[in-house]
Amino acid sequence: MTIFDKNVNRRRLLQGGVAVTAGLAAPNFFIKGAWAEEFRNNPGSAKSVKFGFNVPQTGAYADEGADELRAYQLAVKHINGEGDGGLLKTMTPLSLKGNGILGKKLEYVTGDTQTKSDAARASAKRMIEKDGVIMFSGGSSSGVAVAVQSLAQEMGVIFMCGLTHSNDTTGKDKKRYGFRHFFNAYMSGAALGPVLKENMGTDRRAYHLTADYTWGWTQEESIKNTTEALGWTTVKAVRTPLGAGDFSQYITPVLNSGADVLILNHYGKDMVNSLTQAVQFGLRDKMVNGKKFEIIVPLYSRLMAQGAGENVKGILGTTNWHWSLRDAGSQTFVKSFGQEYGFPPSQAAHTCYVQALLYANACEQAGTFYPPEVIKTLEGFEFDGMGNGKTLYRAEDHQCFKDVLVVRGKENPTNQFDLLEVVKEVPRADVTYDAKIFGGELGPYKVPL
Amino acid sequence: MAILNVQGVCKDFGGLRALNQVNLKVQQGTVHAIIGPNGAGKSTLLNCFVGRITPDTGSVTFDGKSLLGIQPHEINQAGVARVFQTPEIFADLSLVENVKIPAFAKRDGSFRMDLWSRVGTHGEITDHAEAVLEDVGLADKLHMHAGSLSRGDKRRLELAMCLVQDPKLLLLDEPTAGMSRADTNATIDLLQRIGERGITKIVIEHDMTVVFTLAHTISVLAQGTVIAEGEPEAIKGNPKVQEAYLGGAHL
Amino acid sequence: MSAATIDSPGNQKAVAPSANDGGSSRADHIKFLIFALAVLTMPIWLSPIGAAYPDLVQKFAIFGILAIGFNILFGLTGYLSFGHAAFLGVGSYAAVWSFKLLTMNIVPAILFGVLAGGVFALLIGYVSLRRTGIYFSILTLAFAQMSYNLAYSVLTPITNGETGLQLALHDPRILDGPAGAGLPSTNLFGMLTVGYTGFYVCAVMLILAYYLAMRIRRSPFGMALRAIKSNQNRMNYTGFNTRPYTLAAFVISGMYAGLAGSLMAVVDPLAGAERMQWTASGEVVLMTILGGSGTLLGPVLGAGIIKYFENIFSAFNDQVLGRIFDFLPEGLQEAAVVLFSPFVGEGWHLTLGVVFMLIVIFLPGGVMEGVARIKARFDRSRSDTAR
Amino acid sequence: MDAVILQALNGLDKGGAYALIALGLTLIFGTLGVVNFAHGALFMLGAFCAVTMQKLLTLSRQIEDTSVTFFKAYKEVPYLKIWFGDTGLLLIDYSVPLAVLLTIPVMLLIGLIMERGLIQYFYKRSHAEQILVTFGLAIVVQEIIKAVFGANPIPTPAPNVVAGSADIGTWLGLGPTLVYPWWRLIYLAFSAAIIAGVFAFLRFTTFGMVVRAGMQDRETVGLLGIDVQRRFTIVFGLAAVVAGLAGMMYTPILPPDYHMGMEFLVLSFVVVVVGGMGSLEGAVLAGFLLGILQSFASMNEVKSIIPGIDQIIVYLVAVVVLQVRPRGLLGRRGVMEG
C-alpha cells in the first residue's frame, strides 16, 4: 500500500526552485539550462563541459589528494589536445580526438573531501548543483567512495572512483553511476596467494591486525580466505581503533603468540605507524617455528612507503600499478607526468588519470553525454595500453579487471623514488571472480530528475 | 518566640574546631547581632544556616523545621535570605533583572519551566522589583549593568534582591565592610527603615556603631563558642567580652 | 508600571549591549520578520557570491539551527560543551532509521531525530551537569568521543560505521509499501524534499527555531539561564534549584542538535559517524563564537561563514584565482595568484585559523560585536553631522 | 606474565608522553592561568625539530640517476658523508638525539615569542577565549607545517645502536622471551628524567620556589616585590621546551606529521582534567594511569569480555573519575569550575 504519492514530478519542483534564482545568477554560477533537458547538467550547446575533481586536500591524505589532482589536470590537458597527448597515444580502442569531448573543451573544478563522507558529499553537491559538472571523480578512501557513489546515483551524475580498495565499492554498495578502475581487497588476496606460497610455504601461522572499520574488515576477510586456502592457520585477528597512533599494545601480544606472519590490514597513517612500530619490536628479524618472521602489507601505496621509510624493505604487498612498469602505456604516462611535474606518478595518480580518460572516451564513443548511454558504453568496455595490460570494465559490477602487481619494499633503492620493486604481475585471469559473490545491486540506468 | 534555634552546633575543619557547642536563639522580629574577633567562627556559623556547611553535630531549626541536610535553595524557599560579605550579584544583568529573579523564585518556586511568556508581561513582578529598588535608593539606575555599580550600590542591590522576597529571616554578613562613613550611615538608615517591616535579621558586623544602633540582642562568639549574649548595654559592660574581644580595652 | 515603560527606547540606552534585559516585543518581532524574510530569500541574495546552490543553503539553515541550539547552552547558560556533535549524529541516525523502517515521509523522521537528540542529551546531561567549568566540558567531550569511536567500529550493525548509514532498496519501509525501481526520495506527504524544496523545509525549521530561541531568551526561564551564567552561586541562595534549569537547557539544546541532524538526513538520507567527532563539536563552538555567542543572530552568521569557507574557499584553485585576478596586468596577476594560493584550496584551514584568531583577539563578541561597533560609529558620525 | 609486563611497559611509555604534555599544560595553567590549546602544536613542533635536524644533516649532493629519463631522479649523497666519511654517516644516524641541540633553543624561543606576542594579552580574558585563541593558533601552526613539510608522515628512525630490542627477560630472570625495543626504554627513562627534573627544579631552586609560591597565590608573591611576570614568561618557555622534547623523542616511535599535535591535544586535556586542574602531581599520575589502562584494555583477553573497550577506555575512565572525584584525582576546589 502506498500512502504517499510518489509520482510527483521532481523535475518540475526543481525547475521551480531554479526559476527563483536563475534570473539573478551571476555568470558561471549557474548553468541555466541545466535542468531544462532530460538529464542533469546537460551541456546542451555550450562550448565546454566540466569535470569535478573531488580529492582530499586537508587531513592525512592531502598529499595523495594533491597527486590525484596533478593527474587530473594532466588528463584535462591531454583530452583537450594540449601537452604530449599522454595515454591518448597508447590507448586502444580510442575514440577521443584530442579536441576535448564531442568537440567541447574540457574544464574542471576542484573540491576538498577532507576524507569525510559528509564533506565529500557536500563538495560533490557543490560541483553538481553550482558548477554543473557532467562527471566527478577522485577520493582516497572507501568510506568516501561509497558515500559519494550513492550520491551519484541519486543525482544522476556519473562518479569515477579514485583510490578505493574495499570490496563493497563494487560489491554490496555498487551503483549504476559508479565505476572503479582501482583493484580491491579480494584481488589483493588472490594476487598475493601464489606469491606467499612461493615465498613462505604452506605451513604458516598468521596474525592479523585490522583497522576497525568496514574496509579493514573486508580486507581481513579476503586475505584470510586466501591464506587459509593455502593451508595457513589464522592465529588471531585483532581489531585496532582508527588513528590509534601508538600500536605497541597490539603488537606485543604478537611476539609470543606463536604466529610467524603478521598481516597489517591498515592504510595510510595507521599503516605507517603500525609497520614502523612492528619493525621496532624486532618482528622483521625474528625467528619463529624455525622460520623467518614475515610482515605483509596487503595494500601498499607510495604515501605509506615514504612514511615508513626503511621499514618497508623486504615487505610484501600489492599495488594497482607502479611507475617502474615497462609496458608502453605505463612508460608513456610516467613520461608525460614526469616531464610535467618532475617526479613519477603514484598509483593514485595513475588510476585517477585513467578514470578521467575512460569517461571522456566513453562519451566520445557513445556520441552523447547522456549518462545511461555513457554507462552502457563503459559497461563491458575492454581496453589496453593504459598500464596493467588488457583491462575489462565488467558490466555486472563496474569493476575493472586487469593484472595486479605484487610488490616488495626495495632493499637497495637506486634513487629517491625507487621504493618498491615488482615481484610479480599476476594475470587478470587469476584475480577475476564471480560478480555474484559480493551481492549488491547496481540500480537503474535512468534516474528521475 | 524564637524563629531560629541553634542547639549544640559543632564543626571541625581537619582537626581544627571552628564551632564548639554553639547555642543561639533568635527571636521573631528582632535584630540579632553576632560579633567576635576575626576567626571566631561567625561566617562559619552563618554558612550553617544557609546550607553551605553541614555541622558535625547539633541542630538548626528555623520556623520549626530543621535546616540541616537540605539544599541552599530549599532554605531560601523556606524564607531565609542572605547578603554576602562580598556582594554576590548577577554582574552581567541589569539591576531590575537582578531583583526580578528573586521575585520569580519567591512566586514560582525553585523551578518552573516558563519558556514562552515574556518577562516584561509579568507586571506585578516588575512593579515589585522597581518598588524595592526605589526603596534602597537605586531607582535611577534600573537598567544599568549591575557589574558597573560601585561597591556600596552593589551591596544595596543585593539587599534589594533579598528584600524583594520578603524573607522571614535576613542574614547580613558585614553589610558595611569597606564602606565610607557616609555610606555606612546611609546603610544604617536603610536597615533601620526596612526594620520597620518586621523582618528578623541576623547581622555579623565589626563596626560597633552599626551593631549598637541596630541590634536588639548581641551574641559574642570567640573561638567557636558563644561567650556572652544579651542586650547591647549588658554586652558593653561584660568584662569577659572585653577580655576576649579587645584584650581588655574598653568598647 | 507596565512593560512598556521598561522597554521604552530611553531606558534601553542606559544598558550595555549584553545586558539586554528588555528588547520590546515589537522590536523583537520586527527583527524576527526581517530574519525570516532574509532566510527565505537566501537563494536569491546569496547567488552573487556563489553560495545559492541547494546544498549550501541547506547547510546554512541546518547549521544555523545547530548553532542557535548550542548558544542556548553556551551563550545563555554559560556551559561550554565539547560534545555537541554527538546529538547531531544521533538525530541523523534516528532519522535515517525512520526512513529505512517506517516511511520516507520526513515528519516522523524529524520527530524521531528531535526525540533521540533530547533523550541522549538527557542521559549525558544528567551525568555531565554534576560538574561545572572545564570538568563539564571534558565530560561532554568524553561522551561524544565514546559515541563516535563506538559508532565507527563495534556499533557498525546500527550505524554502518565508516560508510555511513544509507538507504537500501530492500529496506522494509512498512508504511510506504514496496518501492519502485531505484531508491525512493524523502518527501513531505508526497512533495519531494530535495534541492530547493529541501532547503525551504530547513528554512522554515530555522525560522521556527529562531523564534523559539527568541521566546526562551525573553522568558523567565531564559532570564534564569542568564543568571546562572552570571553567578550560579547566587542563584542557589536565591531559591532556585539550578540543576533542572541547566538540564532543561542542555536537553533543549540537544533537541536543537537532533533537529539539525534529522534535517541533514532529510535533505541527504545518509548518516555518518564523523558527524559525532570532537572536531565537529569544535566546529559548532567556532561558529557560535565567530558570530557572537549570547546573541540570537550571531551563531547563525557564524555557521554561515564557516560553511561558506569550507565549501567555497576550498574550491578555489589556481585556475579560479587566475580568473579572479584577470583584471590585473600579467605580472601582477601571477603575483596575486602566488600570494593568495596558500590561503585557498588546500589552504582553506589556514585562512580559517587566521580569521578565527583575529576575531577572538580583536572582536571577542564575534561578528555581532563588529556590527554593533560599526553601527555605533555610524550613529555617532550621523549625530555629529546633525549638529 | 610476559604479556602483562610488556603491556605495563607499553602503558608507561605512552603514559610518559601523556604526562610530559600534561605537565607542561599544567605548568602554564597553574602559573599564568591560561588554558593552552596550542600545547599539542608545541609537541608537534618539537617533533619537526627532529625532522629539520635530520633534513639538515642529510643535505645531499644530488647525483643524477641517468637510467631515468622522464624526470630528474637522484642518488643522494649527503655532504656529511662526502666530507667526513663514516663519521658523517654516524652523525646522520644520530640525528634524533642530536636534534636536542635544535629543539631546546628553538622551542624556548617559540615559547617566549608565543607568550609575549599573544598569550600575555589573554591573562584577563575568559578561559573560553583563551581556549579559542590558542586553538586558532594551533590550526595556523599546523597548516604552516603542512605547507612546508607536506601532510605525509616523515620517517625519523632512531640511531642504529638502539634500533633493536633489549633482552629484559634475561635481566629479570624471566627467560629470553621477554624483549622490548631499546628506544622505547630510552623514552621511558627520558620522560621520567624530565619529570624528575621539572619537579626538582620547582622544589630546589629559588626560581622554582617563587614559581610555586606564585602558583599558590600570585598577588602575595607580587607584593613581595618579585617580578613574577617575568618568571612566568620563562615558565611558559620551559613548558614549550618540555613539550618539544617530548615530541622530538617520540619521532622514532611515531613518524611525525602535521596533525599529530591535535591527536595528542584531546588526550592530554583528558589527562590534565583526570589528574585535577592545576596539580602537577595529578598530571603525571593521570598520564601514567591512562597510558597503562589503555594498554591493558587492548589485551585480547579484556577485549573478548568487553568488545570495543580499547576504543573508549580513556574517556570512560575520565567519566568515572570525575563522578567519584569531582575535581579529578588531585585537583583543588574552585579551579576552572566557573
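By letter and in written order, the chains are A, B, C and D; residue numbering begins at 1 in each of them.
By our rule, a residue touches a chain if its C-beta (ideal position, glycine included) is under 8 Å from a C-beta of that chain, and two chains touch if they have at least 3 such contacts.
Worth saying up front: this structure is predicted, and the values here are computed from it rather than measured.
**Q** Any idea whether C-D or B-C has more C-beta pairs in contact?
**A** B-C is joined by more C-beta pairs in contact.
**Q** Farthest chain from chain C, going by the mean of C-alpha atoms per chain?
**A** Using the mean of the C-alpha atoms as each chain's centre, the farthest one from chain C is B.
**Q** Compute the distance, rounded to whole Å, between the mean C-alpha positions of chain A and chain B.
**A** About 74 Å separates the centre of chain A from that of chain B.
**Q** Averaging over Cα atoms per chain, report the distance between chain A and chain D in Å.
**A** 36
**Q** Mind checking the centre-to-centre distance between chain B and chain C? Centres are C-alpha means, answer in whole Å.
**A** Here the centre of chain C sits 44 Å away from the centre of chain B.
**Q** Please output the residue numbers of chain D that touch at least 2 other chains, ranges allowed.
**A** 311
**Q** Using the touch definition from the top, which residues of chain A touch two or more other chains?
**A** Counting only residues that touch two or more other chains, chain A contributes 62, 212, 239, 241.
**Q** Where in chain B do residues touch at least two different other chains?
**A** Within chain B, no residue contacts more than one other chain.
**Q** If two chains touch, include that pair; go through all of them.
**A** Chains touch in the following pairs: A-C, A-D, B-C, C-D.
**Q** In their shared complex, at which residues does chain A touch chain C?
**A** Within the complex, chain A touches chain C at residues 1-6, 8, 10, 13-14, 16-18, 20-21, 24-26, 29-30, 57-58, 62, 65-66, 108-112, 116-119, 121-123, 125-126, 129-130, 141-143, 146-147, 150-151, 153-154, 168, 173, 212-215, 239, 241-242, 441, 443-444, 447-448.
**Q** Which positions of chain C touch chain D when the two form their complex?
**A** It is residues 80, 127, 130-135, 138-139, 141-143, 145-146, 149-150, 152-155, 278, 282, 285-286, 289, 342, 347, 349-350, 352-354, 356-357, 360-361, 364 of chain C that touch chain D.
**Q** For a test of understanding, state which residues of chain D touch chain C in their complex under the given definition.
**A** Residues in contact with chain C: 35, 118, 121, 125, 127-129, 131-133, 135-140, 143-144, 147, 266, 269-270, 273, 277, 307-308, 311-312, 315-316, 318-319, 322-323, 326-328, 336-338.
**Q** Please give the residue numbers of chain C that touch chain B in the complex, ascending.
**A** 1-3, 6-7, 11-12, 14-16, 18-19, 21-22, 25, 215-216, 218-224, 226-227, 229-231, 233-242, 244-245, 248, 252
**Q** Per the contact definition, I'd like the list of chain A residues that touch chain D in the complex.
**A** 59-63, 212, 236, 238-241, 243, 245-246, 248-250, 252-253, 255-256, 269, 272-273, 276-277, 280-282, 285, 303, 306-311, 334-335, 337-339, 341-344, 414-418
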